[in-house]
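In the two assemblies presented below, chain A is common to both, partnered first by chain B and then by chain C.
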Partner chain A sequence: MAFKSLSKSEKAYIQASLQSNSSLRGDGRSLQEYRTISLETGVAPLANGSARLNIGKNDAEAGGGTEILAAVKLEVEDIEHGERVDQGRVTCSVSCSPAAYPLASSGGLDDLQHDYSTFLDDILSHPSITPANLGIVRGKKAWLLALDLVVLSDSGNVYDAMFMAARAAIWDTKVPRTRSVEYRAQKKQEGDMDVDEEKQSGLDTRQVKAATDFELEDYWDEGIPLVGREAWPICVTLNLLSSLHFLDATSQEEAATPLRLLLVYSVASKSTPALQGMQLLGSGEVDVAQIKKLIQDGEKHASQLLAAINLKLRDEEVRLTDKARLKFASVR
Partner chain B sequence: MSSRIEILNDGGFRSDGRRQYELREMTFDMAEQAGADGSASVAHGLTQVRVSVFGPREAKMRSQTIHDRANINVEVGIAPFSTGDRRKRSKGDKRILEFASTIKSTFEPVIQTALYPRSQIDIFVHVLQQDGGVLQACINATTLALANAGVPLLDFVCAVTGGVHAAAPMLDLTTLEENDLPHVTVAVMPRTGRVTLVSMETRLHVDRFEEILRLAGQAGGVIHKEMRAVVRERTKGLVDAMGAGVRTSDFAEDAMVADS
Partner chain C sequence: MQITFTSFPSQSGLRSAYASATKHATEDDEDAYMDVEPFDDFESDSSRLTCPGETLTSAQSFMRGHGTYVDNDDVISSVAGTVERVNKLITVRALRTRYNPEVGDLVIGRITEVQPRRWKVDANSRQDAVLMLSSVNLPGGVQRRKLESDELQMRNFFEEGDLLVAEVQAFFSDGAMSLHTRSLKYGKLRNGQLVTVPPILVRRLKSHFFSLPSGVDLILGLNGYIWVSKHVKESEREGEEGFDAEAVYSNRNDDIDDATRTAIARVTNIIRILAAHSVPLTDVVLLEAYEWAVEQDADVKGLLQEDVSDALVAAVTSG
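Our next item is the complex of A and B:
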C-alpha cells in the first residue's frame, strides 16, 4: 500500500524472514495461511442483502483488521432497446472511509476509490455471472443490482476482503417476488341476454405475455435468492517475493512485497474454476512460465477459501431464517 | 397535517410502539478501530454512525494550520445504501459539507483547541444507516470518539431530536416522524446546561419551541448519563489492563478512587 511507509531495514527484515528456510511471518502464520476471518450477513436492514467482513480482527482489543461493509440494493430499471431484453444489470462501486487511509490526501483517496471500483465493476458486472432472475417484465423492466462496498479500515489484503464481502452480500440478497400485470380493455357484451357471463376485470394479474407492468406479490418471505450465486467470483491475492508466494499479507508485508498477483475465480458447483479476472500490481516482474504455475496454485487456494466461506454463509442463512421465524412466532 | 400513518394514536403510542418522551434503544461502542486514535460507533434505534478521530497531529495541508489553536477538520461520508432509496453522494455535495460544518461548529467551543497550536484534529464521520436523528447520532458518536482519543473537552455534548405533533411534543424521531413533523435538533452540555447547537429546518410555532428546547435539554441529561457510564467502563477496562502486566494494581485503584 502506497500510504504505508516502511523503513529500509524493516523491509529487508520482513523479506529476509519470509525467504528464510522456515519462512517466518510477523504473526506466526505459515505462508499459505489466512488470518481469522469474521463474517456477518444481514447487517443493513434497509438493503436487500448485506454483509460485514473482517480479516484479522484482534480479539483482545476488539480492534484492527481489514473491515469491509457490503450491501446490495435492487432498483427497478427500464430496459432500453437492446439485445439483453430479459436480464438485469449489476453495478459495483467502492467507497473508502478516510479513517481507513488516515495519511492519504483527499485526492489520493478519490483515486484509490476509483481504482477499486473499476477493478471490481469490470469483473462483477460481466454478463457471464449476472444472476438469471433479475428480469421483471420481458423487454420492459428489470432489476438493477447495485452493490456498494465501504472500506472501513485497511490492514492488508483489501482485494480478497472486498470480493468475499461482495459474495456474502450477494448470497444474502433476496429478490422480491413479482407478478406481471396486463391492462386489457373490457369486451363489449352483445345483446342483453347473456347475464351469466363472468364479469372481467380490466386488471388481469395472471402470467401473460404482453405484460406492461408488474406488482409485488404478497408472500411471507422477503423473496427468492439470486440464481447462480454459487458461481459468484472470489479473489485470491498472491504476494510474490522472488520465487515464493504467500497469502493474506498484512499492510507491512504488502509494503515489503514488490509484486502482487490478483486472481479472480468463479467456481460453479462441481466444475473446474473459471478465471474471471487477473491483475498484476506493483513494480516487479514475473516469468510467463511462473504465472502458469501461480494460476494453478491460486485455483487450489481459491477452492479452499470458497469451501470455508460457503460453510459460513450457510450457517448465517440458518441463523437469519431462525431469527425470522422466531420474530414471526412472537408477533403471532 | 394529514398522513396515512398515525403518528400518535389515541392510546398515546407512536408508530414504533414508543411513548411520547421515550427514546429509542441506544448502543455506544467505544472499541478501538484499526489505526484511529479514538473511535466510537453509536446507534439510536436503526440509525447507525461510526466516527474515528485522528490527532492532534500535523496538518496534511500546511495552509490549514492556525497559529494559536488546533484546527478541527470534519469529513462526513454517507453510505449509499443507508437510506430507503439508494443515492450516491459525492464528497463535494453541498448537503454533506453543510452537515460537516454543523458538526464542526458544535464542537469548536467544547474542544480545548488552544492547547494544541499549529495542529489539526481530524474527525471522520461515517453514516452507515439512517432512520431519523442522524445529526444527533453523529454528535453523540463524535463526543465519545473524542473522549476515547483523549482530546481534552470542556464537557460532553449530548444531542437529541425533538418534534411536535399537534400539541404533543415528542423525542428522538424516526424518519417516518421526521418527514411529517416540525423537528429541531438540540445539543447540550449537561454539566453547565449550555446549548452548543440548535438546528431546525422546518417551521415551528414559537410557543412550542420553548417547550421542546426544555424537554430536549432534559433528554440530553439522560443520554449524558448513558454516555458517561460507557466512558467510565471503557476507562476502567484500560486502567485494569494497565495494571494487569506489571504490579501496579494499587496505583490503578488509587487512580479510580481519585477519579470517582
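Our next item is the complex of A and C:
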C-alpha cells in the first residue's frame, strides 16, 4: 500500500535482509523472483476485451495480492477534423478503488489515479504502438480504443500488474468487422422539365472514391484481433536498494526501498526489446552508468516476463475458444 | 528470474461443489431439516452458521442482538457468522470482522498520529486506539509522574509508523480503546516482521508471548497482528536490571544471522498458510506446523505451493 508507513526497525530489517549474503526476502523469494500471478481474460462480457490479474494471492485466501481489472471498449469516433486520417487512437485511464487504499484521503486517491493514468496514457497512447486496424473509413471514422483499468487492491508492484493486465485485455480485444458504405444520389428524369445536363469529363480528378459510412459485417465470430498486439508494451519495475535491484516488491518492501525504476519495453516479434518509456520514482539519484546497466538487466527480465505472459495468454485464448464452442454446442 | 502464471480458481468448480452439497442436503432425511427450521435447538452446544438474510427465529419470543435485524416479526441475520444466544437474546458473531477489543487483551498496534499527551494507534479495530503518555514507561526507571519535558519529546518514545505491543486498559465513552505499555513485556517492537491475519483466528491463550526452536519469538496479538522476531534471551531482555529507556525505545535492530532470517520467513509463511485455511492459531498449532515444515525440509518459498500448504494444514489439523 502506497500509504502504509513502516517503523524504522521494520525498514532496517527488510533492507538488511535484502543486502545480506543470501539476500532473503520476507516470503522466502529470491531477488529476481515474481510472486504467483493469476490471470484470466474475457471476464467482462460487455467489453470488447477484458482481463483480471492478481499478483501474490494465495489460493485459499479470500483477499490479498495486487488485483487489477482491465477492460477495452471500442467506440466509433469522427476523425474528419483530426490529424491522423487512417488511424484510430488509444486512450487509457486508471481508477483506484477506495478499498485498495483505505488509508488514503479522497484527494490522495485522486492524485494517485491521476499519476497512474498519466503514466499509462503517455506510453500506451503513443502512435508507434497504436494497432493498425483501428481505422474504419479513411479520413472519416475510426475506432477509439478506450482502455480502462481498476486497481481493486494493492499489495505492491502495481505498475507491472497494470501493464500486464492492459496487455492481456488488448490481447483479448476483437475489433468488429466493418464494410464501407457509399451513398450515390440517383438521378431522376422528371417529365418535361428543362434540366441542365451535367457534363461528364473523362479527366475529372475530383471523382475520388468516397465512402461515407460503414456497416457491421455479420460474421460468426466477434471480430479480428488487434494488429500488433505482440508488440504491446510491458513494464518491469526495478526496485533499487544501493547497488542491488529486485523485482516484484511487496508493499512493505516498496516502503523500505528509496528508489524504483519503471522500465517499459515493447518487443516486436523476435527482435530485441525496445525501450518505450521509463520513470524513476522516489527520492534519490542514480548515475547514468548505473541506469545503462539497469536498462540492460531490465531487457532480460522483460523478455522472460513476456515469454511467460504470452504462453499464458495463448492458453487463455484456447480456453475461451473451447468455452465458446461448448456454449454453442449446448445451445444447439 | 522465475515467473509462474496460474488461473483463478474456477467458479464452476465451486458451483458444482455447492450443487453437490445442496443436493446432499435435500437427499437427507427431511426430519433433520425440519428440526433446524423453527430454530428451537439453541440449547445444543453445536454452533450454527448463518448467512445474511437468513431467518433465525420469531421476534415475538426472542430479542435481536448484534448482527441481526427484525423484519415482519422475524429475527434475520445481517452478517455471515455463528449464531449465539444468551437467554432470549440472539446475536450473530460475524466470521470476518474487525477486532472487538476487551479489557486485558494483548494487542499489537502501529502509531498513526502523535497528538498532545497521547498517541493514536491503529490496532485493526473500528476506531484508532489511544495510548496516553501517562500509560507508557517513562525514562528514569521508577514509576513517576509525567513532566512537561516528556510531552516535548514524545517522538523519542514512539513516532508515526512504530509498532508496539500493549494491553487494552479501558474504553472511552465513544468505544475507542485505551492502551497501556506499563510492563517490561510491552513496548516497541524490533528485530522482525509483522504478519496480519483475521482477528477471529487468534484465540485467547495463557501467554501470547512464546518462542519456537531455532530462535524465533512470536507475539500473537488478539487483534490479528502477529509479530515474528528474533529470539531474545530472557536474561538479555531490556530493563532486567533497571529500566533502560535508550534500549526500550531504540529503533535499531540487533545483528540477525541468515539462519534466523530464514526461520522468521518460514514462520511468516506458515502463519499465512494457516490463516488462509482458517486454522485458529495457538502456540501448539504453530509449533507443530513449524516442526512439520522443518521435517519436510521444504524451502521457505515452496511452502506456499498449493500441495505443500494443503499437506501442512492436513498434518496440523489431524493431530
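Simple rule for what comes next: the second predicted complex is superposed on the first by the 302 of 332 C-alpha atoms of A that agree within 3 Å, B and C clash if a C-alpha of one lies under 4 Å from a C-alpha of the other, contacts with A are read in each partner's own complex, and residues count from 1 in each chain.
As a working rule, a residue touches a chain if its C-beta (ideal position, glycine included) is under 8 Å from a C-beta of that chain, and two chains touch if they have at least 3 such contacts.
No experiment lies behind these values; they were computed from the predicted model shown.
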Fit or clash - chain C, chain B, common chain A: clash
Which superposed partner A:95 touches (first chain B, second chain C, both, neither): first
Touching partner for A:6 - first (chain B), second (chain C), both, neither: second
Touching partner for A:34 - first (chain B), second (chain C), both, neither: second
First (chain B), second (chain C), both or neither touched by A:271: neither
Chain B versus chain C as contact partner of A:330, first or second or both or neither: neither
Partner touching more residues of chain A, whether chain B or chain C: C
Contacts of A:47 with chain B and chain C, given as first, second, both or neither: first
First (chain B), second (chain C), both or neither touched by A:110: first
Chain C region in steric overlap with chain B, selected from 19-27, 73-81, 109-117 or 253-261: 73-81
Shared chain A surface residues [contacts with chain B and with chain C]: 61-62
Residues on chain B engaged by chain A in the complex (per definition of touch): 31-36, 39, 46, 50, 52, 54, 60, 75, 77, 79-86, 88, 91, 122, 124, 126, 128-131
Chain A residues touching chain B - in the complex, by the definition given at the top: 44-47, 50, 61-67, 69, 71-73, 75, 93, 95, 97-100, 102, 105-106, 110, 146, 148, 150, 152-155
Of all residues in chain C, those that touch chain A in their complex: 1-9, 96, 110, 112, 160-163, 188-194, 250-253, 256, 258, 261-262, 265-266, 268-269, 272-273, 275-277, 299-301, 303-304, 306, 309
Chain C-facing residues of chain A, complex: 5-10, 12-14, 16-17, 20-22, 24-30, 32-34, 36-40, 52, 54, 58-62, 247, 252, 300-301, 304-305, 308-309, 311-312, 316
